[in-house]
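Below, chain A partners chain B and then partners chain C, in two separate complexes.
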Partner chain A sequence: MLQRKVCLIGDFAVGKSSLFNRFVYNRFSETYQSTIGVRVQRKVVTVQGRDVALVLWDTEGGQDSSTVRESYLAGASGAVIVCDLTRNNTILHCEEYAHILRQKNANIPLIMAGNKLDLVSPEHTHVAVARRVAQLIQVPLTLSSAGSGEGVEALFQSLGEGLVGVHPTS
Partner chain B sequence: MNKYHHPPESTIHSPAATLEVMPDRPDSAFQQEYADDADLNLLAELLAGQDATLPTAVAAPATDAQFDQNSRRDRRSMREKLLAPEYQRLEQLEVQVAELQAQLRDRDALIRTMAPLVSQMIAQRVQESRDEVAEALYPVIGRTIQRAVSEAMRDLARRIDLTLRRSMRPRFLVGLMFKRLRGVKPEEAALRQALPFQVRELFLLHRESGLLIQHISAVGTLTDADLIGSMLSAIRAYVADSFEPGNGTSLDAIEYGSGKHILIEEGQAALIAVLVQGVEPAGFRAALRQQLFELHHACGTLLRSFKGDPIDSAMLLPQLNPLMEWSDASA
Partner chain C sequence: MSTQLPEQPFPVDDQGQHLRAPGVAYLICDADLQVTDVGASGAALLGMPEVTLIGQSLTSICLPLLGNEDQLAAVCARTLPHLQIEQINLDDDQGRTRYISLVVWPYRQAELIVILSDVTLQSRQQQRLQQQHNELLLLNEQIAAQNEQLTALNAELEEVSQRKSNMMAIVTHDLRSPLTAVTGYAGMLLEETCGPLTSDQREILEAIHQQGQHMRDLLSRLLDLRRLEATELQKRTPVDLNLLLMRAVFSFHDQARLAGVEFCFPEDADEETLQVPGDADILQQAVANLLSNAIKYTGAGGNVTVRLYRATTLPALDPPLDPTGCWCVIEVADTGPGIADDDLHRIFDPFFRTDEARVRGPAGSGLGLAIVQMAVRQHHGRVHVISSLGQGTTFLLLLPCDAADAVGI
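This part shows the complex of A and B:
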């Protein structure tokens, strides 16, 4: 089966692990548990009738991109840059994360996840900021909520399609 | 519904039902009847309040039997009224007792309730007086440990015995001679022979991404071999970043369980991780390196450009299978 390494990257507490848990196990917890190091799990998505095993690396988040352990990003075929729609600085940091990932692999398919959509309205200024940042770094934006599950499947399906070249995600 | 509170309201508050005979009662008999009754005052009050409303149609003479019957009824209704809170409480208690009995009958529910308390109690007790608990458990655990050690020793003795019986074979004698020349005593050689070495699992991983390229198992099929491979890579990355950042050193062995190791050998584009049990024979590490070198020589381009697309096993197995053959025949 086709395998692809996918990293989830972003500031702390933006909901990387929650997205990971929602996508892999379809579960959500209100309790915040900080990730130490990295967690790895696999989930198969079907793209144009072909199974693709996404090997997801849920990396630990920090205050900003300076704390990223670059060794976790090595060999990644794609990445989800996660931000918290309730915290403006996490949205602005997405540009730095995209820069780090592209330094390792200039053509890496990326997707930006504006998470915690259930806590803001789609008209919120932070959503507009997220759209602007996504446009700036030329990455598609998916608004998601790990809590309600909204947009999560679509997020990884879209990335899966980008990974096998169905449509470009960067 | 309160089952003790009957008949109740209608009797107490209905003058027609309760008090219709009162005008004809002989006062002395009435007072005697109620002389010892604690409800007398309350009853008197009730009568005083309701006489005025008695309908004239019911003021007919009553017989003694009727009077007795009505008196009893009055007393009963008074008691019911006075004792209503107690009856209610009694009913609640009965419900609670029934619930407790049901919980006691349902063993699963009882275990669910008790388990956390018992665990907490034991943990606290162990913390407070470890020696006492150890002493109390010794008759059980001590015997179990003793039995396990005895079995292990018997097993070792059987293996040594088997090794010695084979020792008359020419191949073994030659091997023994070589070992002797290298300074290994015969009993040490026999002991070493008795502790078999087994290569249980082999993972060929892409060095950069940690993705699994090939997996071979001697003991069965692992369903999550790809995840194990990735986690191994993650652990290596974590160790390298945390303890020796920028130094280029990496994790090359992990020990776990009883005598189980994961040996990791890293090449330019791929790495091999083998899960072994027992004492690693001399030369095994060198063999790992050699096979990895040959693998890179044979499939270097494929390994370097690996992004997760499957590689034909036929190209990889000739270099990997020889490593599985290092397992002792007795393992």
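This part shows the complex of A and C:
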């Protein structure tokens, strides 16, 4: 089976662990608990009848990209750049995360997750900012809510497709 | 959290005997990443029996190494000195998180040794601190966002307030002009310039004239208040307070006499000339409002006393007055009905009138004292009131006579 390391990266409290927990365990907690280090788990997605094992690395977030532990990114085949649609700065920082990831691997498939969609309306200014940033860094954007589960499966499915070259995530 | 690593590959002897010491957690695997040996501590850390680990793939029992096969091969070939992954979260069945760090070293000929360290204690402490730090940052972000919203709201309110003031100025100005005509013509008719009046006609015209005058006064005060609210003091010239008070007393002399009020302005032979930097017209208006109120509310048989002096002791105000400065005091004291304690803090609010004044007092707009306070503030001064029911009221206008921006003093 094809196995690919995928990192979840983004500012603190944007919902990386919540997306991880929703996707891997289908669970969600309202309580914020900051991640220290990294949590690793495997989940299989099927792309065009082919199983792809995503080895998901839920990494700790900081105030911005300067705190990223690059050792966690080593060997990553893809990444989900997560931002919080209620916090503008976290959206703007996505450009820096994409830059760091592309410095390590210029062709790495990336996807941007505009998370906490349940807390903003689709017409909110921040959603428009997220679309603009995604366009700027040439990364597809998926709007998601770990709370409601909306867009979570689609997010990782889309990345899985990018990893096997079906979907243009890179 | 960073582990200090030696520059050389992990120093073990060929037998690996010292690794078997209690507390050292390790796994050894061959070039195909199959586990060939495991220490009891290593098995315990991974939560599996030793025997089940032997022969398994390293990446299957140590998930964070999955996807790092290229780097493991490089370590094995000694082209990469080591591979280190810190603070890996492992959740047990009870949902508790343990933290381990691992370092993979080249070992013997073509083997790898994985040294595992339990860093749960330090990591939990770090997690608690990080949690608090992040929560504070989130709170800061929320406060900053709220501040931004409040600033925008404030700007919006200021604009609305400005528009309201402008509109009021236009309305009051446009109302005043026709009222002047109404009261003027009513006055002419009362003087019988257009022929004699019957008693009924006179009564009606007097009512028109009186109400018109009242409305004009109200509009004038509204305009004055708006003017004081809207602009900073433009001209600051030395204002001779002695002269200002003499004029004010003179202009109210007849009104006091008609009301049966004794009007006192004690003159002191050694009187010092007191000046403040400011606008004489505005100060004149403030004093006039105080005198008008004092005469209106004191009633026949009462006294109104006006004094001017340099303060030797300052009243205790909140915030306090600068005790190093020089303060001129204009004092207007009456023997009127006084003001209830509950009303004292509201008498400077625009349109406020005490219940007593509204029911039994003379007609008024409730703007006079608001104008007084605004005028004094424009001069960096303060108004202090002392009153007790049945005994009268004393207003003190405290004006700085040595303000930093004083002109010609």
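As a convention for this text, the second predicted complex is superposed on the first by the 170 of 170 C-alpha atoms of A that agree within 3 Å, B and C clash if a C-alpha of one lies under 4 Å from a C-alpha of the other, contacts with A are read in each partner's own complex, and residues count from 1 in each chain.
Keep in mind that, in the parts below, a residue touches a chain if its C-beta (ideal position, glycine included) is under 8 Å from a C-beta of that chain, and two chains touch if they have at least 3 such contacts.
No experiment lies behind these values; they were computed from the predicted model shown.
With the C-alpha superposition on chain A as described, chain C and chain B clash in the combined arrangement. Applying the stated contact rule after C-alpha superposition, one finds that A:V55 touches each of chain B and chain C. In the superposition on chain A, contact of A:F28 is made with neither chain B nor chain C. Put chain B and chain C next to each other and count what each touches on chain A; the higher total goes to C. By the touch criterion stated above, A:R87 is placed in contact with chain C alone, chain B being left untouched. In the superposition on chain A, A:Q3 contacts both chain B and chain C.
Residue contacts after overlaying the shared chain place A:A13 against chain C, while chain B stays out of touching range.
Residue overlap on chain A between the chain B contacts of one complex and the chain C contacts of the other covers 3-5, 37-38, 40-42, 55, 57, 69, 71-72, 74-77.
On the chain C side of its complex with chain A, the touching residues are 1, 63-64, 66-68, 70-71, 84-89, 91, 99, 123, 126-127, 130-131, 134-135, 137-138, 141. Those residues of chain A that touch chain C in the complex are listed here as 3-5, 12-13, 32-42, 55, 57, 60, 63, 69, 71-72, 74-77, 87, 89. Residues of chain A that touch chain B in their complex: 1-5, 37-38, 40-42, 53, 55, 57, 69, 71-72, 74-77. Partner chain A is touched in their complex by these residues of chain B: 206-212, 224, 226-227, 230-231, 234, 237-238, 240-241, 307-310.
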